[in-house]
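Each of the next two complexes has chain A plus one more chain, namely chain B in the first and chain C in the second.
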Partner chain A sequence: MSIGVGLYSLPMEVIFELVSCKLTNRAVPSELFSPSVVFWSVRLPRAIMALLVGAVLALAGTVFQGVFRNPLVSPDILGVSAGAGFGAGLAIILVGRSALAVQSMAFIFGLAAVVAAYQIGRRSRSDSVTVLVLAGVIVTAIFTAGLSFLKYVADPYEQLPAIVFWTMGGFSDIVWKDVYWTLPVFIAGTAVLFFLRWRLDLLSLGDEEALTLGVDVKKMRVLYISASTLIVASSISTCGTIGWVGLVMPHMARLIVGPNHQFLISFASVLGAIFMLIIDTLARTISSGEIPISIMTSVIGAPFLAYLLLRQEESNF
Partner chain B sequence: MKPLKVNSIRDVLLVGLLLLCFVASGCGQGAEQTGNEEAGEDIVVTDGLGREITLSQPAERILTSYGIATHMVFALGAQDKIVGYDSPSRNNAFFNKLMPELSNIPTPGSPAEFNLEEAMALDPDLILVPGRNMELVENLEEKGLTVFGVVAEDLEQLKDSMLNLGKALGREETAQEFVNYYENTLQKVKERTENIAEEDRPVVYLVGPMGLLSTCSSEMYQHHLIRLAGGENAGGELTGGWVEVSPEHLIEWNPDLIFVVQYTADTSPESIMEDERLQGIKAVMNKQVFWFPSTLNPWDYPSPQAVLGLYWAASKIQPDLFNDLDMQAEADQFFQKFYGKTYTELGGTLD
Partner chain C sequence: MGGSDFYFYSLFVDIKFTFIKYETISITVHISKEMMKKTISNLPLQVKGVNFSYGKKNVLRNITFSVPHASICGLLGPNGSGKTTLLGCISGIKKLESGSIFLHGKAVQMMTRKEIAREVSVVPQQTGFIFPFKVLDMVLMGKAPVKEIWETPSLADREEALGVLERLGIRELSGRTFQQISGGEKQMVLIARSLLQNTDIMLLDEPTSHLDMKNQILILDLIKKVSYENRITVLMTLHDPNLALHYCDQIILLKNGQIMSQGNTSEVMQSQKLSNVYGIEVELGITSKGTRVVVPSCWR
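Moving on, here comes the complex of A and B:
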């Protein structure tokens, strides 16, 4: 459905015609050349990317909430997005616009951000769930300041637009190449998380209980966090920072299927994928230009966090 | 004037005091150099905000915190008066080629931030700031500094700014020459493009700073530039500054030409020509995808070299109407006139 609507009108029968051309290997009629480009090269990769990114963000959010036993965290709240943004900016200034450098720096600094937030939270004497969130606020502030500084020292004609361009993101410029590049990373990260999903239930019991059940808590935690951060950093490096999805989707999923991670992980991913596709479809159809996707997700996500904070004591963790 | 009679100690002291005032106010040298300004007669200019600024003599120590203002000072040939300039211009190869010693001059600010103490330590007698930053203008004025707010969002304002700035810097003649050149060019272009019917105007898509999918809305200078050059702006129905569009817009608009600004991110005419999504677009099929010059400084926004951008755009959009135009020669002439070196000499090219 999402593929059919948009600025350039593509009626269903045209899409059927295009798909059947592809399937039977017929040449596309010349009058359908533009619709064919819009369908195959613009809308389809974009829709697939939206589904993928929605799925991995929701997945990473679910894992973070399980690992930290905290319903208020998600990769962006713990500073992954800010860290990855800073890493990418640093790569652009130091190395240039090489995709590999940018992506790996984004990953390294994204990971550094979570570790920092976790360490700050762990060393605090207070045990409240909000401490970790505050630690995330601190780490985010530091990396945001770092990114602002990079923008300040960046060459205004060459590097600055590249940094801003990179941190803005969105789905509008997605082509197949982006899908091919991110898909292997998504699959690898997701596979790790998916096959280890049953242990998340053990981890979310708490460290001591998990230890007595024979789980190497430290190793598992590192594995979970790295895999989640990897897929988030990879998604950020193609679509920019998309907030709130990782926080809100796991909760919606939990409301529907309950806290068992066996089902929760898959369900949250599916939910995230659908949510992102709907949001992106809205973003490109509501107005004559493109509405930045993070505006749309924030409008929905931020009030949801407020709601969570208000009913925190009833949380089923 | 009656000659002063020096016949008592009191008179000697009085003359001494007068001389001291004269030197302290900095009149001596400046007035002699420019010659045509009579000492004691104030210079009154109007800045981009419509404020009147009074100078007792042409400014000799200027500080600019705005790239476009720095450009204006260079175009007026007054760069030797710069005591401080905007930090983003530090790496500008064009400025550095014209004035190698520029790198030794301090850069106390940029349009985004301004180091007041460093600026005051440089003791400027005129500070050029972006006119849109009212707060800074008022703040500096409170400190007793003389401030000129530069506003140049279109060619009219650019001409006004150049005239007034020329007067303030004692470069009135250059400023007048500059304005004449602009008026002639505008006249020439307008005569040829004004009456082109809407349906004969090629659709131009201008790739903005945020990559392929950012373009100029109808509220931007670039929109008027395209219109003036005889084209139609693809994004002309949109409002706002630089706007984000989707590839579907581009396919729907099907532009005849695509211009790519020099300061864009992750896009080039080559990447556009290879973009599989754009293969059906007229501009790509007819290979009408170009960098918007120049390789020295962008000509697509209202800086002193903008007039060359207008010429260039017109020659691309309406090649038949401007086939008499030799762009490189025109640029050489303009640069020689206002910068003392030709465009080619400075290493500028048009592709």
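Moving on, here comes the complex of A and C:
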């Protein structure tokens, strides 16, 4: 349905016809030539990317909340998005828009950001969950300033528009090449997190308790954070910064299936995928122009964080 | 000194000693090995010359003791005497400054996290849960040491966990959320998790703190029962000397990170020794029904 709606409407029967042509290797009828291009080259890769990105952001958010034992964190709140955005920007200025360079730099700086936020939070004397959120704010501020500096020095005709793209986030330029580049990374990161999902329950009890249950806490934490940061960085280097999904979706999923990560991981990913597809469809259909997707997610996510903060006073999530 | 070093060192001493006595090395080696095997298997937990500091503060000083198989040993001492730190050292969470701890003859320092967790389970004072896990999920976490990192609990594990809850008489709690149950029930669930971990040694940190009198008795009766039935060696910190007097076979008295006295409960629980450790005059008396009690002298 998401594929059908939009400025150029594709009725369901047209979509079925196009798919059956592809499956049976028939030539596309001439009157369906334009819909064919819209469907295969624009809508389908875009919808697939939206599903994938929604799934990995929700997944990474769930993992971060478990690893940091903190229901208020997500990759964007801990500065991963800002760090990865900065890394992607730096890669564009230094080596141009090479997918490998952009993804690698996004990953390295995303990882640096989360390590920095974690260290600041850990060294703080207060043990409150909000301290880690504040540490994330500090790291985000530093990398946002860095990104602004990159924009300042960037070539205004070539590099600047490409960098600005990240700060907005969106799926409008997605082509099959982007899907091919990100899919292996998404699969690798997701597979690691999926197979290690049960240990998240143990880690969320705290270091000492997890240690007495035989968990190698340091090794596991490195694995979880690296795999999550990898998929988030890959998503950011392709679709830009899309905030709040990683924070909101795990909570929604937890309300439905409970906190056991065995089930939560998969459910949050599915929920994130559906949510992102709906948001992207809305972003390109509710007005004649296209609304940047991060605006849409912020409108939903920011009030949700306020709600969580207020509720924190009453319960332990 | 690792576990095997200790073994061979003791063996060597034994050989020398028996050589002088019997003058035949071949027989004495045989006897010594058997003796050593027996000694090691009889002592699930041995602590030798352990020192531990937080920065410049010596928290544990030259701690040496051992706990016999399937006995209940109480660690008593004032606040800050190092009881909880000692439990942390035994479970391998805290790195020793010097000394050794042996679990069935194997040095903790040489063991992986999983290996330690297969020997020792820990019932914490309170668990650090953030998310509202179900009781059954909490108990199932006790299976982690025998699972590969990618494995999740199987249906058989769930049945086993339900069986443990059934044995403790709290099966009906399995579907409840951990944070919704009472303090006594939480403690029982953590003991159930420890039982599912299926270790020979169980460490408990203040199992009766925050509990009312009835629940204190309930929990300690339960610990005594599982220790007896499962042949588990228990080491627990306690604040109340009366509970220690009634439930422990062995007592270790700690003060300022040093062992002031250790041995059978009746030997250690004497007014002079307790008064020294707690810094308050105490007396031991017997109630009209013959129960031994510890009371502060100032109550007279």
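Methods note: the second predicted complex is superposed on the first by the 308 of 317 C-alpha atoms of A that agree within 3 Å, B and C clash if a C-alpha of one lies under 4 Å from a C-alpha of the other, contacts with A are read in each partner's own complex, and residues count from 1 in each chain.
Keep in mind that, in the parts below, a contact is a pair of C-beta atoms (placed from the backbone, for glycine too) under 8 Å apart; a residue touches a chain by one contact, two chains touch by 3 or more.
These numbers come from a predicted model, not from an experiment.
Colleague: Just chain B (first), just chain C (second), both, or neither: which does A:His251 touch?
Modeller: Touch status of A:His251: no partner.
Colleague: If we overlay the two complexes on their shared chain A, which of chain B and chain C does A:Arg97 touch? Say first, second, both or neither.
Modeller: It touches chain B, and chain C stays clear.
Colleague: Looking at the overlay, what does A:Asn260 touch: chain B (first), chain C (second), both, or neither?
Modeller: second
Colleague: A:Pro71 contacts which: chain B (first), chain C (second), both, neither?
Modeller: A:Pro71: touches chain C, not chain B.
Colleague: Once chain A of both complexes is superposed, is A:Thr212 in touch with chain B (first), chain C (second), both, or neither?
Modeller: Touch status of A:Thr212: second partner only.
Colleague: Output check: A:Asp201 vs chain B and chain C. Expected answer is one of first, second, both, neither. What do you get?
Modeller: second
Colleague: Could you tell me if A:Gly170 is touching chain B, chain C, both of them or neither one (first, second, both, neither)?
Modeller: first
Colleague: Do any residues of chain A touch both chain B and chain C, and if so, which are they?
Modeller: The overlap between the chain B and chain C interfaces on chain A is empty, containing no residue.
Colleague: Which residues of chain C touch chain A once you look at their complex with the stated criterion?
Modeller: Those residues of chain C that touch chain A are 88, 91-93, 112-114, 116-118, 120-122, 124, 127-134, 137, 141-142, 144-145, 147, 149-153, 179, 197.
Colleague: Give every residue of chain A touching chain B within the complex, in rising order.
Modeller: By the definition above, chain A touches chain B via 6-8, 33-34, 37-38, 41-43, 97, 152, 155-158, 161-162, 164-166, 168, 170, 172-173, 175, 284, 288-290, 292.
Colleague: Given the complex with chain C, which residues does chain A contribute to the contact?
Modeller: The touching residues are 66, 69-71, 195-199, 201-202, 204-206, 208-209, 211-216, 220, 254, 258-260, 262, 316-317.
Colleague: Looking at the complex, which residues from chain B come into contact with chain A?
Modeller: 88, 91, 112, 209-213, 237-238, 240, 243-249, 251-252, 254, 262-266, 275-277, 279-280
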